[in-house]
Amino acid sequence: MESEIPGYQVQTDFFEGPLDLLLHLIRKNKLKIMEIRLSQITAEYLAYLESKKGINPSRESDFLMTAATLIYIKSRSLLPRPENPAEESPEKQLIHSLIEYEKIQKISKMLQDMEYTERLLWRRLEIGENFANREYALKEVSAFQLAEIFFDIVKKKENEQFLYISSKNYSIAEKQTEILTLLGKNGFIDFSDYVAKLDSIEEILVSFFTLLEMIKRHLLIAVQEQLFGTISIYPNEAGKLDN
Amino acid sequence: MNPEQISQRIALIEAILFVSKEPVEPGRIMEFLDIKDIEEFEKLLAIMEKEHLQDRPERGLLLKRSGGGLQLATKSDLHDDLKAFFTIKQSTKLTLASLETLSIVAYRQPATLAEISDMRGVNSTGPVKNLLQKKLIKITGRKKVPGLPALYATTQEFLIYFGLNDMTELPSLEELTELFEEKEQPSLFK
Amino acid sequence: MNPEQISQRIALIEAILFVSKEPVEPGRIMEFLDIKDIEEFEKLLAIMEKEHLQDRPERGLLLKRSGGGLQLATKSDLHDDLKAFFTIKQSTKLTLASLETLSIVAYRQPATLAEISDMRGVNSTGPVKNLLQKKLIKITGRKKVPGLPALYATTQEFLIYFGLNDMTELPSLEELTELFEEKEQPSLFK
């Protein structure tokens, strides 16, 4: 069961990003942001990164970017150079980011407290449609909202068609076998070539969903060499083991 | 039950019935309140129903027993007022039905009523009329198919309302797909 | 207003708020009740809020102002009981990443994805999508810079979700600094 304790839920097991980690190190060392020399905590930051402890892997590149900046700052600090007050040094920039990020954390904490209080109050789960027919003042509707409404309609329509299609001749299981056979023969599938050979829009859709599902289940890997380039499908050797 | 307990329990019943979207089985509430005796429970309901709802002119709700369940509903003498309150039309307001229709005309123009109704899955005569009256859409011609249905397109007023210079400034569907599409496809294999 | 009128009007307000899906603009109710004087209306609300809801132990509801409107909700001390009664899960809370993103949008609006990612120090596509889907933020336009990136702002749902009447109820950055400085780094990082 999820805890309902008021207050900032600190994730002790990982950091949201490099700024989060830096602030943690600064506080841990009882340093003050305004007075800090970032070179003081560079080693510790790198050690964290190396241990991968508390690092959110999907954010890894962002952590690495900041590591590069820290190393650069450190290298600069080793070289005596005249201080140019007009110059925005990378250190000043990073410290500025940290100060700003600290504010964000404070606001987040406040919003979290407000969220907690509000969640104690229950609204009606669903209200009968008899009277409630919402109206929108035109001023409140932006072009994007209009686009979103159209998008929802198209989505709904697509879903209907998909249900209709799936009751037709093409089955996902058959398609899966066909794709695996093809991969066994050729080693890979060029997506656009493959689609071009299919007979109907129904077959294309079923094949496409089959491919998506197989990719999701790690049976296949889709590789796109460049933006808007062709997509190649390969069997996922690693994925076969857990199936 | 002492008076304090009675109050507490009635407050909880009110909250439960307020939140619930369907009638709630009395048995579930009895069990939850740990009341074993049906008579005792009925007494509680009677107090709530009569003393706290029916007899109080400042209350707009009543306790209803329907479909084997308990439910709060508005008092019947308020129905005319409620109907009047919720149907006040303000000239600048659009219903969701009108907005849906407008979005279809904007993206599929020129479009016929049949095409609009087909996309929305419901007859859209009402919203089309409404939008014509508000001058957000206009008839631009007739489709060359049997019956020669009217073709609708958006107007200059439409552009002004949405702060657009021309139709190319409407967000594209690709942009939206990117923004709103869930990454996770529901699994087809289970 | 005589006492009878007061009761009648409070009953109607209760019924309107009970039926309505969303917070109701006070102005609409005033107009409907033909009350011209805002003070008179506030007095009515105060009687309803205090005498008929807050001070009565047998009432499970309270009167809320959020998103610029009036709304009924359950009293907060009933939360645990309601949670136990309705085994349904309440919608999940916002993640820290979403809260950070929302903080930036709230205080810097309108803001682009790039600005948000830059301030957080990490790519924020995920939380932005999540908040769009939850309708806590919306796109208000495009920034006139290369690529024409979308600009994000908070919504009416944002106000309702956090129980705010309007954006001015959010403390200013200066106030926040004071608020948190007193506590001198709460024991987050001991």
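Here the chain labels run A, B and C in written order, and each chain numbers its own residues starting at 1.
Throughout what follows, a residue touches a chain if its C-beta (ideal position, glycine included) is under 8 Å from a C-beta of that chain, and two chains touch if they have at least 3 such contacts.
Just so you know, these numbers come straight off a predicted model, no measurement behind them.
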(request) Starting from the Cα centroid of chain C, hunt down the chain whose centroid lies farthest away. (result) A
(request) Grab the C-alpha centre of each chain and report whichever is closest to the global C-alpha centre. (result) C
(request) Sort out for me whether A-C or A-B is joined by the greater number of C-beta contact pairs. (result) A-C
(message) Roughly how far is chain B from chain C, centre to centre by C-alpha average, rounded to an integer in Å?
(response) 20
(request) Averaged over CA atoms, how far is the centre of chain A from the centre of chain B? Could you give it in whole Å? (result) 33
(message) Using Cα averages as centroids, what's the distance between chain A and chain C in whole Å?
(response) 27
(request) At least two other chains touched by the same residue of chain A: list those residues. (result) 122-124, 127, 131-132, 134, 142, 144-145
(request) Spell out, as numbers or ranges, the residues of chain C touching 2 or more other chains. (result) 18-20, 72, 74-75, 78, 82, 139, 141, 150
(message) Using the touch definition from the top, list the residues of chain B that touch chain C in their complex.
(response) 4, 6-8, 10-16, 18-20, 28, 32, 48, 52, 56-61, 72, 74-75, 78, 81-82, 84-86, 88, 163, 171, 175, 179-180, 182
(message) Under the stated contact criterion, what part of chain B meets chain A in this complex?
(response) 15, 18-21, 82-83, 85-86, 90, 92-96, 99-100, 102-104, 106-107, 119-121, 161-164, 169-171, 173, 175-177, 180, 185, 187-189
(request) Flag every residue of chain A that touches chain B in the complex, lowest number first. (result) 122-127, 131-139, 141-151, 153-154, 156-157, 172, 209-210, 212-213, 216-217
(request) Mind listing the chain A positions that touch chain C in their complex? (result) 2, 7-11, 16-20, 24, 27-28, 59, 62, 66, 97, 100-101, 103-112, 114-115, 117-124, 127-128, 130-132, 134, 140, 142, 144-145
